[in-house]
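Should a chain be cited, it is by its letter among A, B, C and D, assigned in written order, with residues numbered from 1 in that chain.
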Amino acid sequence: MISQLPALQVVVPLVSAAGCVLLRSAFGAWLLFSFAAAASLVTAVVLTVQVWDGDVIRYEMGGWPAPAGIELVIDQANVVVLLLLGVIAVIAAAYGRRSIEVEVPLRRVRMFYAALCLLLTGLLGIAVTGDAFNLFVFLEISSLSSYALIALGRRRRALLAAFQYLVIGTVGGTFLLIGVGLAFAVTGTLNMADLADRLPGVAGNRAVTGAVVFIFVGLAIKMAVFPLHAWLPGAYSEAPSVVGVVLAAVGTKVAIYAFARFAFTVFGIDVVFTDLPIGEAILVVGSLAMLAGAGVACFQQDFKRLLAWSSIGQVGMIVTGIGLATASGVSAAYLHIINHAIIKGALFAAAGILLLRLGSTSLDSMAGLGRRMPLTFGAVVVAGLGLIGVPPTAGFASKWAMAAALVEDDQWLILAVMLASSLLAMVYVGRIVEVGWFRTPANLDGQTLQNSEQATAGANPGAVRVHEQTSLLMAGSVALLAVASVYFGIDASLPSGLADGAARILTGGSAP
Amino acid sequence: MTATHYTYWIIFALMMIGLYAVMSHGNLVKKLIGLNIFQVAVFMFFISLGRVDGGSPPIITEGIEVYSHPLPHVLILTAIVVGVATTSVGVAIAIRIYEAYGTVEEDNALARDAAEEAAE
Amino acid sequence: MIALEVASSVLLLAGSLFAVTGGIGLLRFPDFYTRTHAAGLMDSAGAVLILLGLLLLAPDLGSGVRLLLIAAFLLITGPTATHALAHAARNDGVRVWAERVDKKR
Amino acid sequence: MSSLDLAEAVLLGILLVTALAITRARSLFVAAMLGGLFSLVTASLFVLLDAVDVAFTEAAVGAGISTVLFITALALTNSQEATTPRRRVIPAGLVAVLATAGLIYASFDLPGVGDPDSPVQTHPITDTYLRESQQDLHVPNTVTGVLASYRGYDTLGEVVVIFTAGIGVLLLMLGPRRPADEARDRAYLQAEYRVLRVVSKTLMPFILLFALYVLLHGEYGPGGGFQAGVIFGAGFILYTLMFGLAAVQRVLPMRTLVVLVAVGVLIYAGVGVATMALGGGFLDYNEFNPGNPSGGQVAGILLIEVGVGITVAAVMVAMFYSLIRRGVRR
């Protein structure tokens, strides 16, 4: 049983997706999704324990040894991602129970859960695979399901956001495919370990350079690295709340993992960072992203949009850590992947509660929130402090690690940029606090939540009313994430242990 | 480099036309058609990698010794399916956009959203 | 053997001629219905003649039967498609070309 | 230049012209039909490049399904395109030119097309796929062997992609059916389509038979579960076009289709779970017949191809149903 875990990690949510379609009740579909999420988390925990000492688990799909067959690879660099996915999936199951009921028409709920299972399958599949083409296939599974899920947002602009994401995301996926093709042309293999063995033999080849550039640009689109971020604000802010939580917490993170995997274990530090100026390019782009993301976030009028722009800045910080290509830089990047997932998950989950209670996520509607919904507001403030990086939050821990990594590499300018972006974060978080605490609430009667389809049909008989009560499961999810974001700031041993392990595997030069 | 590289270059030109069509056109359906051209050109690139001079289709037959490489064919079979799956979801979203906005021109739809925002 | 090859070449050439004529017709004919006629010709006569030409060169029975089946399939679907096109055009109110329309231009 | 090279060059030329014509066409119907032509010519090119399985699929999918999808989209939206604003032209052109320049730069170090000494051809897996597979699988069509066995996990991913697309389209398109739709269906049935109906009714059994042939013959010739599913689905789509939605739904209601979509995926994944339960790895078909591994391989390959076929056919028909129902609603 234990030896089958790598395959089960992907297969359980996959089979659950098909099961959700077969079931006749929405509650059954929810149960199945919850089961898939819990199973993913348990599997991830067991796998983490198994590779904790730096072991690498290889699983041969179909019993064919790589490179003829496809292998799954589990090591410290991807168990972090698996754990995050498991945790966020469980949160989504708890949180979605009520949130989906309100935001999605009943007849679509079963398929909605099926699509969530598929999103999970795709993201897990990217994380565990040891084959470059297989990564593309699972990337497309996760992308397709997220396009459909985003399009189900309540407003009509969700459709436009989903379409824009579909077009640019597919171009990104195809760029990845071109890059894989170029690498295949000069090595004859698709297996990551085999690629890593054979690529040094063709070092300096212009086709390899092309492969690096196309794979990285393709993944950068999926990571929403500035200036390829255009799809992100619309997609994250218009998606149904639970989809927003999952995507904001782990969507881009999985692409960042894939990026690190290609950079460090497939092409290797020598090709990417020594021979080519990719590291410098990443640092420039990451710095710009930190400034632009945080800067634009300050001017947003909508809470979710503000959070989405803030994500662009935070992704910039994570890739900066990877661009340093040092053990401490990669470790800091991984630490921030973990912490930012928790923080953004909490904030998007809180935004979903606001949507339910206030019928809107505009900053104006949040006036006086501190008095009317003190707990939710408290969670928003705690997580917001994490975005700025105030001690003792988890955000502080990862920014501190990042600052140390930058100092170690003498990147003073980038350190200044990072501090500036933290100041900007203080501005946008400050705006939320100012609105929520110091402004008086507007009149809220008669506001409704509308499904975009119903709105366009003219009449809206099925429009959902603003809810009086916050569901316990939703509030609990937000509280759990907010508490975790403080706990990991006070006792960072678990996340930093994971991050250090990942950095060791990636920068230590061992095979994938 | 040999003379056979012209195949690659024509394929790259097709990719360029597709990519240009995706980005320059504001019509959503046209964007999807452009995306198709772009992807099909990438498929041709992969298939041309598996080709061997004087080879036969990789179906083992007695008396034939040289076969083209089957792996690129397998990959592209999968990629074609991925492509049409994307197209179908894209078409569904485009139809919904038309129902919601009354247009499939991206710029018009964006303008209508902006007008809506200004009215609020 | 030579007789077979000659016969096959004649059929292939005739088929190609039909295809080219059909193509020219498609471009040069004045209205929808005449163009459909040209396209239908290309579909049926051209393709079937080429298939028959290939049939004479078929290396074994299997390929021969397949070629015959394809030809039979084309003979059924080609005219049906042409019919469907013309039918749809008529339902849609597409006018038949007449000399005077041309003179006005 | 051999005649094959000449044919290849001509086809590539046609492709270039077609692609340019597509971007220039203002009428989207023209663009969609030219898109179908583009795929068909590409399929011919794939035959020249020895990729018969891919050619089959590209013809069925690119020229068939995609074109149907685009035409449906146009029927439900607008068929004329507005002029492209000038501000889009320059950045789009810049990106396209940059990407192509990068590719051409990379291509100088690529092995030539057809080079027998290229890394792709000399890698040990080439031998695994072309020679060893004949002992391990006994499947003459190596494309099917690699697709269904060596890289069976990829193919599972492919089925899941189709499944995801089906779920996505249904999520976006499904709506309740109204009485007015039924009336329209009846009106449609009274229209004069006798020739078409007779022909399609006659062809229907042959189409379904051909689909089965393609499914079962996939181990020996071009074809397999995916192509079979497409043909099967196309048969039902043809029937729907001729006899209306209500008639087909008596045979194949939407709920059954949705169940079939999931069943296909479950068959494929179930084969994997079964091999796990038998003590092997996921999708290790040898476990089906430990005494005679190649027999187990053939059985496993056939089973998963059936799963693929079911899902693909069901998704295609379900998508088509939901799209034309949408049309009737407007």
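One rule holds for everything that comes next: contacts are C-beta pairs under 8 Å (C-beta built on N, C-alpha and C of every residue); 3 or more make two chains touch, one makes a residue touch a chain.
This is a predicted model, so every value here is computed, not measured.
Novice: Higher C-beta contact count, A-B or C-D?
Specialist: A-B
Novice: Which chain has its C-alpha centre farthest away from the C-alpha centre of chain D?
Specialist: Comparing chain centres, A lies farthest from chain D.
Novice: Determine the centre-to-centre distance between chain C and chain D, using the mean Cα coordinates as centres, and give it in whole Å.
Specialist: Spacing between the chain centres: roughly 28 Å.
Novice: In whole angstrom, how far does the Cα centroid of chain A sit from the Cα centroid of chain C?
Specialist: Their C-alpha centroids are separated by 56 Å.
Novice: Approximately how many whole Å separate the CA-defined centres of chain B and chain D?
Specialist: Centre separation, chain B to chain D: 13 Å.
Novice: What residues in chain A touch two or more of the other chains?
Specialist: 133, 137, 140, 144, 147-148, 151, 178, 184-185
Novice: In chain B, which residues are in touch with two or more of the other chains?
Specialist: Within chain B, the residues that touch at least two other chains are 15, 19, 22, 32, 49, 71-72, 75, 78, 82, 85-86, 89, 93-94, 96, 99.
Novice: Could you check chain C for residues that touch two or more other chains and list them?
Specialist: Residues: none.
Novice: Show me, using the given definition of touch, all chain pairs that touch one another.
Specialist: Applying the touch rule to all chain pairs gives A-B, A-D, B-D, C-D.
Novice: Which part of chain D faces chain C closely enough to touch in the complex?
Specialist: The contact residues of chain D facing chain C are 192-193, 195-196, 199, 202-203.
Novice: Which chain D residues qualify as touching chain B in the complex?
Specialist: Answer in residue numbers: 8-9, 12-13, 15-16, 19-20, 22-23, 28, 31-32, 35, 38-39, 42, 45-46, 49-54, 57-58, 61-62, 65-66, 69-70, 72-74, 76-78, 81-82, 84-85, 88-89, 91-93, 95-97, 99-100, 103-104, 107-108, 110, 112-116, 118, 120-121, 125-126, 129-130, 134, 140-143, 145-147, 151, 154-155, 157-158, 161-162, 164-165, 168-169, 172-173, 220-222, 226, 319, 323, 326, 330.
Novice: Which of the residues in chain A end up touching chain B in this complex?
Specialist: 133, 136-137, 140, 144, 147-148, 151, 156-157, 159-160, 162-164, 166-167, 170-171, 173-174, 177-178, 181, 184-185, 190, 452-453, 456
Novice: Which residues of chain B touch chain A in the complex?
Specialist: The touching residues are 15, 19, 22, 28, 31-32, 35, 38-39, 42, 45-46, 49, 71-72, 75, 78-79, 82, 85-86, 89-90, 93-94, 96-97, 99-101, 106, 109-110, 113.
Novice: Which residues of chain D touch chain A in the complex?
Specialist: 99, 102-103, 105-111, 118-126, 128-129, 149-154, 156-158, 160-161, 163-165, 167-172, 174, 258-259, 261-263, 265-266, 269, 272-273, 276, 280-286
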